[in-house]
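Please find the structures below.
The two complexes that follow have chain A in common; it is paired with chain B in the first and with chain C in the second.
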Partner chain A sequence: MLLGDDEDFDPHLLDEDAFVGEVQTFEFWFGAVEGYLTGRPYGRSAATPEIELDDIRQDRLITTLCNYCVGETAALEGASGLVRLAPNHHAKVFMATQVVDEARHLEVFLRRLGDLGVTDTDAEIRKRANPALLDFKDSLLALVDGGEWDAAVFAQNVILESMEFTVFRSHAENADPITAEVLHGVISDERRHFGFGENDLGRRMAADPSRRPRLQEVKEQLDAIVLSVFEGALDDLEVPMADRPRLGQEYLETVERLGLT
Partner chain B sequence: MADFLSQYSIQRWLEMCPQGYLEDTVYGRGIDETEAEIIFENESMLDAAIQATVQLVVGERCALAASSGLVNAAPDYPSKHFLATQTLDEARHVEIFTQRLYDLGVKKDDLEDLISDRVNPHLVKFAEVLLEKVEAGDFIAGVVGQNIVLEGMAFSVFEMMEAGNRQINPKFAHTLRGTIADERRHVGFGENRIGSLIQQHPEKRPEIERMQEEMTFHMLATFSLAFSETPTDTVQTDGEPVDAEWHGTNLATATPEEMEAVLADTVLGEFKTRLGRIGLEYQTPKIPA
Partner chain C sequence: MSEGREAAAASRHSYELEETGFNEVPKKWRKFYRYWGGIDDILAPNEVVCPVCKVVIRSKRKLRPGDKVYCMPCMSRMVVVEGPDGRLEAEVIF
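Take a look at the complex of A and B:
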């Protein structure tokens, strides 16, 4: 792959159409992921040490990873459904790259669960899944099934991806070395995904402001669920109460930039 | 099943495809490779190249819709992972064949109108039969239609085009070799994954065989119309003899009828073999196309 290899290249300097034509391509995707995935099978390098976790910490990690799998399954099914709804060729290609990213996240988290001794991952995920996250998944897939591109991109690429970005970053700061390395690769993908969501929705709302009320409505419908998901994830990670408002800031700022507060 | 599905992980796909045979390529070809000059010197040859590439874009758009639509219907994580990689493979194919249209001089603003004007109507029908199964969330029928019938057809069409372009248009032949490698993986998954599911659901056989019959009808009609309208997208010369042998036919000198016959025979032969492997019997279309 050669496009995007030039370290000085900044697609943000391109005009809008050229920007979309550059970044929403297979070539750009591969140029982006190549740097942090090459030499890291399943998201980690062979040299990264496995440290022994005590029983309580290991059990919390399994719960956290099970919920990451729920979130990534929602994102995989959401993104694959959105390929069909994408309003143009470039958006379809971007969503196809997101499909493979989400599937990779699911794969690396399932593999990490295997490292931790979980043999029946399906059963473990069912047992430990946060009900609020399952509700969020149902809501997201209902928007996809309803053919609502704007609302589904908002739920998936803005809300879900921002939540994941925040939680993964917080987790990576204190995780064991292998989990932290896996999370760093995932975080790099999430940044690209919510960048797409904000850019696509921002342009569509600027072109047609009548789209905004529906997104506002979706946000209000999902607010309580989002709060519960955040609380559950941060509880599992034992994040102090005092730090939580700061962690939610990323999501709030994105929503504010879209004019949806 | 678990062992064979482990061969279709995202990690293995990354190593084989983007980090493997696509390494050092741009839009599926070498960075310095360009379309053969001879195409631009001959109006009918350029027209044939555009006509054929439009059909490739439409076929790949159908494959993209089908593979992404099947992710949610997949019954297990490994199948979801594989279909995710197939989704991106198909998106890449859409992208590289669209790029070929631009390389042939099509303007971006004219793309959709060109596709609407030039798409083979039988190919649209072929796609509709498949996408109906995908829309219904029918995983078994969807995978047979997509990974055995559509991909099997694409595999042979790409092989024939690659053979016809290898010597005279290496850039396009290079692009096609990458897609052939992808299609081989897709067909392999279809055969390996679906055989056991059909054994578990024998009641699905008649419906799937009907779908195969209908898709085959439209496929043969696609070939018939394509070869009657245009000489195919293989670069032909009047001077130097060209080595473009495929399944016993020299594509550089064959008539359109001979090309249609060798393509149809090859695709149908492959269908029979692959359907037999997954426990289905090939159904000959009732009305000859």
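Take a look at the complex of A and C:
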């Protein structure tokens, strides 16, 4: 019998090893994505209507999607490198599921750009990419290339994924129906990614507090870039200045829980 | 589970959970979670909000401070605590 097949089973009574052994698996991932992606090729259902956007709104959406593609490419390349660095088999399997998620995100955003009439997506992304986001990508991949699991997971799964989760949710509230549906599927994936990052790093720092200063250092190095990326994304989405502190709150809460403030 | 914990668990109000539309974990686990409606969402005595991903975690029994709960959607492990306003909250434990 598989875990949880018993009607009376309560997952909250699992011990921690059994819990990690359940959620950091492809079996869990299959069951999770089945819930929100079945019947939605490229992240959207056939019944979702395409609405006509005015030229200004369409141009802003293209810029936003180009930058989403940069972020997803960073996460795809970062996660694939992290599979090799992962300190145990559960983390390797989880990171492999994240590679698949990130590739899917890149694919659906490229597809959406195609819907909007962009024929040469590579050229369009090069033209519209936020330089700060490209700097962030370079910094993340340097940490991966340097073999720094903790620092790279912090940059990718805590900083980048928290930022994406916040920006995508904000965007989905006001997006056209197809973009919103695509974003909702991506947001569901992001919960796993930033949750893994916070919990993996939290456990590793609890076991060995000497890991904390390096993460503090990486945070300080990336803070200015992250702020610039975040502001650029919110500018593109025309998020009012008054709403921005609230949107950054969840990232600040995460670093506080990790003791990195 | 120790005899003391079994007795304490047996004395608690229990809940029959049903799915509420949450679809981000495998089907067999979905009834243990629901989407949070924001600060106006009134939680039942067997519910607490995950501080990491803001999903409502549901238990088969009334929650009490000290209970351990898991958020499967974001893979977090938590302990239930009483907040400053007397309401139950979840704190992440590593």
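Everything below uses one rule, namely that the second predicted complex is superposed on the first by the 248 of 261 C-alpha atoms of A that agree within 3 Å, B and C clash if a C-alpha of one lies under 4 Å from a C-alpha of the other, contacts with A are read in each partner's own complex, and residues count from 1 in each chain.
The rule we apply is simple: a residue touches a chain if its C-beta (ideal position, glycine included) is under 8 Å from a C-beta of that chain, and two chains touch if they have at least 3 such contacts.
Bear in mind the structure is a predicted one, so any value in this text is a computation, not a measurement.
Trainee: Using the superposition on chain A described above, determine whether A:N199 touches chain B (first), chain C (second), both, or neither.
Mentor: It touches chain C, and chain B stays clear.
Trainee: If we overlay the two complexes on their shared chain A, which of chain B and chain C does A:E102 touch? Say first, second, both or neither.
Mentor: So A:E102 only meets chain B here.
Trainee: Given the touch rule stated above, what does A:T25 touch, chain B (first), chain C (second), both, or neither?
Mentor: first
Trainee: Would you check which partner chain A:V93 touches, where first means chain B only, second means chain C only, and both and neither mean what they say?
Mentor: A:V93 contacts chain B only, not chain C.
Trainee: Which residues form the common part of the chain A surface touched by chain B and by chain C?
Mentor: In chain A, residues 27, 30, 34 are touched by chain B and also by chain C.
Trainee: Flag every residue of chain A that touches chain B in the complex, lowest number first.
Mentor: Of all residues in chain A, those touching chain B are 1-3, 25-27, 30, 34, 37-38, 41-42, 76-77, 80-81, 83-84, 89, 92-93, 95-97, 99-100, 102-104, 106-107, 110, 121, 141.
Trainee: Given the complex with chain A, which residues does chain C contribute to the contact?
Mentor: Within the complex, chain C touches chain A at residues 1, 23-30, 32, 51-53, 55, 57, 59-60, 67-77, 92, 94.
Trainee: How about chain A: which of its residues touch chain C in the complex?
Mentor: 4-5, 10-14, 16, 19-20, 22-24, 27-28, 30-32, 34-36, 188, 191-192, 194-196, 198-199, 202-203, 205-206, 253-254, 257
Trainee: Using the touch definition from the top, list the residues of chain B that touch chain A in their complex.
Mentor: Contact set of chain B toward chain A: 9-11, 13-15, 18-19, 22-27, 31, 64-65, 68-69, 71-72, 77, 80-81, 83-85, 87-88, 90-92, 94-95, 98.
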